[in-house]
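What follows is a single structure, and I will ask about it in a moment.
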Amino acid sequence: MDNTLFGYLNYAVYGTAVLVILIGLYGTMVKKSLLKVVIGLSVSDSGLNLLIVAIGYYKGGTAPIFSPGFLENFKSVSKMVDPVPQALVLTAIVIGFGVTAVALALVIRLYRHHGTLNIDEIKNLKW
Amino acid sequence: MKKVLVILLLATLGYYVAGTYFDIGFGQPHFIKGLLPVKDIYLAQTVKSLKVSNAVTSIVVNFRGFDTLGEVTVLFLAVTALGSILYKKMNVLGERSVLFSSSSIVTSGSKLLFPAIILLGFYVFIHGHLSPGGGFQGGVIIASGFLLMLLAYENYSVSHTALSVVESLAGITFAGVGLLGFMHGGTFLQNFLPTGVLNHLFSGGIIPIIYIAVGFKVGAELTGVIYTVLHEKGESNG
Amino acid sequence: MIYFILISVLLLLMIAASVYSIIQKDLLYAVLATGIISLILSILYYLLQAPDVALTEAAIGVALTTIIFVITIRNTVRMEDESDKKEKFKSAVK
Amino acid sequence: MVGTPVLFIAIPLLAAFLIPLLGMIWKELVRIVPGLVLTYLLILAVNLLVHVLAHGPVVEVIAGWVPPIGINLVFSVFSGFLVTLMIFLGLLVWAYSYRFKRNVDYEPALKYFLMLMMLITGSVGIVLTGDIFNMFVFIEITSISGYGLTAFYKGRDSAEASFKYVLLGSVASTFLLLAIMIIYSQLGTLNMADIANKIHLMNPTLKIVSYIFFVTALGIEAEIFPLNGWAPDAYAEAPGPVGAAFAGIVVKASVYAIIRYTFTIFDLSGAFNFLIIIGMITLIVAETAAIRQEKLKRMLAYSSIGQMGLVLVAFGFGTEEGVFAALFLMLNHAIIKSLLFFSGSYLVYNSKCKYIKEVNGMSKFLPVTSLLFALGAFAIVGLPPFAGFWSKLSVMTAAADSNMILIMVLVLMVSVVELVYYLRVVNRIYFFKKETAIEPKKPTFNALVVMIVLGVIILAIGFYPDVVTGVLHKASASLMDKSQYIHHVLSLRQ
Amino acid sequence: MEMIHIIFLIFLGGAVLTYFSGKISKVLQDIFFLASVLVPAYLFFAYVGAGREATLSLGGITLIWGVNHFSWLFSLIVLGLGSMAAIYAIGYMKGKKRKGYFYFNFILSIMAMMGILLSIDLISFFIFWEIMTWSSYLVTIYNGHDIQRIGIKYFVFSAIGAYAMLMAIVIVHHLTGSFLMSSMINFYPNMSLSMQIWIPVMFLLAFGVKAAMMPLHVWAPDAYSNAPMAYTSIFSGALSKMGIYGMVIVLVTMINQIPQGFWFREVIAWLGGITAAIGTLWAIKQDDAKKLLAYSSVAQLGYIITGIAIGTELGMLAGLFLAVMHALFKGTLFMVTGAIEKQTGTTNFNEVTGLIRKMPWTFIAALLSIIALAGIPPLGGFVGKWMLYESLITSNHYLLVIVIFFSSTAAFLYCYKFLFGFFLGQEEKEWAHVKEAPAVMVVPMLIMAVMMFVLGTFPGIILKPINSGLMDLGFVDSFKHLWESSVILNVWGNHVVLQPILYWIIGIFVFFMIFLTWKGFKTTRYVSTKDISSSGEVPADDENLTFSVGFMQPFMRAVAPAMRRQIDKYYNGIADGLESLFEFIRRIYTGNGQTYTIYVIVFVVIVLLFKNILF
């Protein structure tokens, strides 16, 4: 793979990630259904995670696992991709799941309480 | 109108965010020259002093083990919050939602698959320090095994108490192992066991222990999440 | 080259799926679209040399998140505009 | 042996995991254990604070990896003071709500106290940690506890409030992660001291963008004006003591985070003015929105937001006096606003909507609670000789010394507004006829004790501010000394 | 532990003790109350002299208290009037609810006023100023009547003033590095011109509010009339003098040092004159004695302000002398009103008439203080006004003289109304049962009436302390030879021998009284208001034919155009506008979570767009 193509990937990967984040935020901010709002949050989380993992990637790098023989073959760890963002993303994914679960539980309760998921009708608390 | 405004706002935001990350660059070394990024230390120490093959594992469990402790707490809290939000006073367990009625092929298939999935989960988190995977992944796999059973069998039930006990014990193991690090004048979560040989199952000191605890905990917690939500029979205006 | 095309296609699919998940009025399909996003993501993670994350994303994003979304939809309403609340998940599946 | 800072996190977590097991043995334990844990933490915090005042900051490394490799906790005078304050308040909140939920079942009680304890622990973690990603984790712990606690009551619109909180909280974590990754991608480290040491190497644009994202994310938790949509709802719908915990603990932690980023980590010259601007806007909008509120707790919530705006303004002066004033304000706000939430929630205990007009004439039925509410109201608007006066005076002095005449004028004008709405409520309590058939609820014994303790503290600080000013001066000096912080953290050797 | 510390501790402890002893016994409460006002008063006059200082260090700030001749003069007003009002309050408050609350705030007000007078540093000045404000506010809302308007209005004005003062204090601290008044005064000539102007303005804002100077007076009528009368006597008599006290200090020590001070003094003097005129006009219009006296207080404070703002020695003396006299007669008049209220339950002229036979002692006190108020010799008001005119004329304020003269003449109208409305006129059957007020209420009034007489006849008694007080402030004493006990000089050096005139007037007065009484007893026929024959029609029962109804109608019609513009209305307009603005701001929180999310994005985008400017 030549460098020009890889240069496009710079824009493609980051651009996609940011775009997905924004699409998710758009859903969160515009869609009237509470479930759509939560879906939007989940989508933007996905984009964010992709962004973080992409930061750790190095061109031609290998996974950060010292499988038997790795050290003998490569002698150096500089060929490995950055493990730190991966570790962070692990945490972020799990936390995101927890938050999504809580949000969905709230959606269920709101539906029980109001009989609708339309966010415009769930405005008892205002001003 | 509102949509246009939102799109404009998001476009501006996207312009700045994307611009920032385009500056950082993909796949290229992006750290400022002359600095020693911590990842190099992590990679070096993973092999040298921890004898762990999977660098992500060593970071998640040891270098940044504190994050992981917080993270399992977040899940634990999510379960608690979920229970608190969906708690109903009258009937402690709501009627079970039935997503679909499964055919006998599905049920028998699930029955066959279930032990295999559970076993896979155990394998994944026991070998967390050697290969991709670990506590989270294993725990999630175990949880999906239970999910399968819960979906396939309408009457399949998991003991809530057992889940809670497993969860608590795993959590206590994590925090307790961390506190044991204070032995020999060490610090919290410090390794106090012999690290063994690289790429062996019994290597990495306390890392496998913690990862197993995390696996059990995550498995129990996620099963708890699904279980709680599943027992939330829809009733409008209830 | 293949790597490049693969990644590009996956990225495009991901954008498409996310757009679909936002504009689709039927929430069930929208949720399935988020599942697909997760699936694509986990392949992408694998291509980006992050097998640990790929595993996690596959299990959590594809299985667990989707299923609790589906349960929630089952407990609330399926359609976004709610004009016809009667049409629920059960009748659609059967 | 004075103990180490990591116990502030480890002990509550251990207890949190233990509590469900203990609850199976004896149900009362789920109420008692959090109190015991908090008491122990308070003792530990005071001990450590005394030690730190004498010997300088304690830096705790975790897993034996010195910074910047591992995560570290920093117990300086500044963070230690806040930790002590938070745990003290947490203990009071626990004591206040000890019998609050007695009439409900075991399960909610378990969850309530568990989440309350984790709320406090998360906030303490935010303050103690020396690692930006670790701070993210603690923020999430705090937030999720907050979501659960906000939605605790079934009968109210609490789910709605909680959902708004979740919505904004998720947006906050998105921005926080974006910012963290910008920093990491440039400097290759997540340790605060290390970042602070290397931040001058960073490309200014990236630096500014990441700072903006940090402030946005933390500002959502710290209730800065355009970002605080969740706050009034959450305060109003959460159980009364939780409102106090939000005002006294969670917001403090978030403000701490903003301050740490502004003062220690980033070296942006415009950041201080930025703090003043957003603080001022928050102050003005919140206080003016508060005056027209119809619900008591909502009014208190807006007032709390406004006070935090003032705290940011005081920090924004960027001088040691400003920091001192801000810390004094935080202390007073924590104590007084808790008292107001505690007593206020008894004043409108049995009413469904918690309207302000429902406090009419409550002084006859709840004399002590009313008196304490009035005391709190007088103190928070800054009337001498109560605690609020000294902090207001120090804010004004700091402002004058920074030549911020306009800020002074605005702050004082807003104070008049604040005065008006608090006095209106106090007037209603004492001089209006009780309107509706709402049964007043006598405060329980422990709630009364907690409120009286807070009242006594207000009077004590009011009549003799020296009890706290010494610590506050040292704390502000410790925040201002950035190089000392970096030195203490990075000079550790394996 | 200085005596000043002990005095403050007695006040503070006494207040708390008084409040809580009410739970045990009412009598004990009364005793504690009297003790905690009278004992410190005794201790102060017996043991605290000029030059004694006490310090207290709080929060890194040293608070210093001490006394000089000038503050000693005002202490005389505060503690003298305070003691009298305290004795009176025992009787007035008997059987009323919230006694402990009233006593507590009464004691705190006295303490705060003493604190203001004793403060040498600005911080303790401000602290006590605020304590005075809130304690008086709490008494103002004692009745619970219309408090959301009256009480809040009072507090808002006070707070605006106090916060202006706070700003001035911290700016002074920034400039001088010290909170001491003396360092402020010493540094004042070195300040930049804008500071030289702004700092006095901010102080004067605070003092002007308390001294009810136009246009900051709108709170005063409501607050004065709404507080219990036992308190209003010190509210109007002593508390408003704190504003005067501060004004004198600012005028003498700061404004007089700069050339622009002339304009300051002109403006304040004119504001005082207008206050006097407006207050008088409004007082005439009132049908309620409390309101009437309240507006009258505003008017009288206008004279005082004019006097001290003229800035000549004579003007200053006139203002301060009037201040002392005002404390005496307005304190007495409010006590009289309180006694009538206590005995009849109302203070409306249209309802209460003909009390002279029922409450003779009260009548005497009222008569003497009305005479003093109106400025008729031989009582104190005359001397003060005389000096005021003199000083205005000698400093060429002829227009101002006309204003003052107009208002002081118009004051006769309301004085007359007060006296006639309550005491003279026909007797109503309704009030047949009314008895004289208890001795504990009457005695303080009479003591103060006697004081008025003595001071009016021998003004030198009080002019001497005033003079030495002014000297303490650094005022040049060029009139040293002026003061014999009752001799006043004008600037042209001619003796104005008061005593012969006074004796003549007293003689005529006494003769007139004896004549009236004798004749009255002999020939008077006591009739009720309904006992009249107007064209043979019998008046209906519900028709109010009391003497005071429509008393001032022709006069009011004449001055109606001047009274149409009420400053109050402008303030209300501002307040309403602000409230609707706040209501609008509140709507920012729409209740929709998505809107809040949009706010977040808007915030981020705006900050990102302006990041180059901001950072």
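Read from first to last, the chains carry the letters A, B, C, D and E; within each, the first residue is number 1.
Quick note on the criterion: contacts are C-beta pairs under 8 Å (C-beta built on N, C-alpha and C of every residue); 3 or more make two chains touch, one makes a residue touch a chain.
Keep in mind the model is a prediction, meaning the values are calculated, not measured.
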> Shared touching chains for chain D and chain E?
Replying inline: A, B
> Centre of all protein Cα atoms: which chain's centre is nearest to it?
Replying inline: D
>> Farthest chain from chain C, going by mean C-alpha coordinates, please.
In response: E
> Measuring between mean CA coordinates, which chain is farthest from chain A?
Replying inline: E
>> Count the C-beta contact pairs for A-E and for B-E, then tell me which is higher.
In response: A-E
> Where the CA atoms of chain A average out and where those of chain C average out, how many Å apart are those spots?
Replying inline: 13
> Between chain B and chain D, what is the separation of their C-alpha centroids in Å?
Replying inline: 30
>> Report the inter-centroid distance (CA atoms only) between chain C and chain D in whole Å.
In response: 38
> In angstrom, rounded to a whole number, how far apart do the mean CA points of chain B and chain C lie?
Replying inline: 20
> Which residues belonging to chain D are in contact with no fewer than two other chains?
Replying inline: 133, 137, 140, 144, 147-148, 151, 159, 162-164, 167, 171, 178, 185, 190, 209, 232-233, 292-293
> Which residues does chain E have that touch at least 2 chains other than itself?
Replying inline: 586, 589, 591, 593-594, 597-598, 601-602, 604, 608
> Which parts of chain B, given as residue numbers and ranges, touch two or more other chains?
Replying inline: 6, 10, 13, 16-17, 21, 24, 30, 37-39, 42, 54, 56, 64, 67, 71, 74, 77-78, 81, 85, 132, 136, 222, 225, 229, 232, 234, 236
> Name the touching chain pairs, would you?
Replying inline: A-B, A-C, A-D, A-E, B-C, B-D, B-E, D-E
> Which residues of chain B touch chain D in their complex?
Replying inline: 16-17, 20-21, 23-24, 30-32, 34-39, 41-42, 45, 62-67, 69-71, 73-74, 76-78, 80-81, 83-85, 87, 89, 92, 161, 164-165, 167-172, 174-176, 178-179, 181, 186-191
>> Quick check on the complex: what are the chain E residues that touch chain D?
In response: 57-60, 123, 126-127, 130-131, 133-134, 137, 141, 144, 147-148, 151-152, 155-156, 159-160, 163-164, 166-167, 170-171, 173-174, 579, 581-583, 585-586, 588-589, 591, 593-597, 599-600, 602-604, 607-608, 611, 614-615
> How about chain A: which of its residues touch chain E in the complex?
Replying inline: 25, 28-30, 37, 119-120, 123-127
> In the complex formed with chain A, which residues of chain D make contact?
Replying inline: 133, 137, 140, 143-144, 147-148, 151, 157, 159-164, 166-167, 169-171, 173-174, 177-178, 180-181, 184-185, 190, 232-233, 236-237, 292-293
> How about chain E: which of its residues touch chain A in the complex?
Replying inline: 586-587, 589-594, 597-598, 601
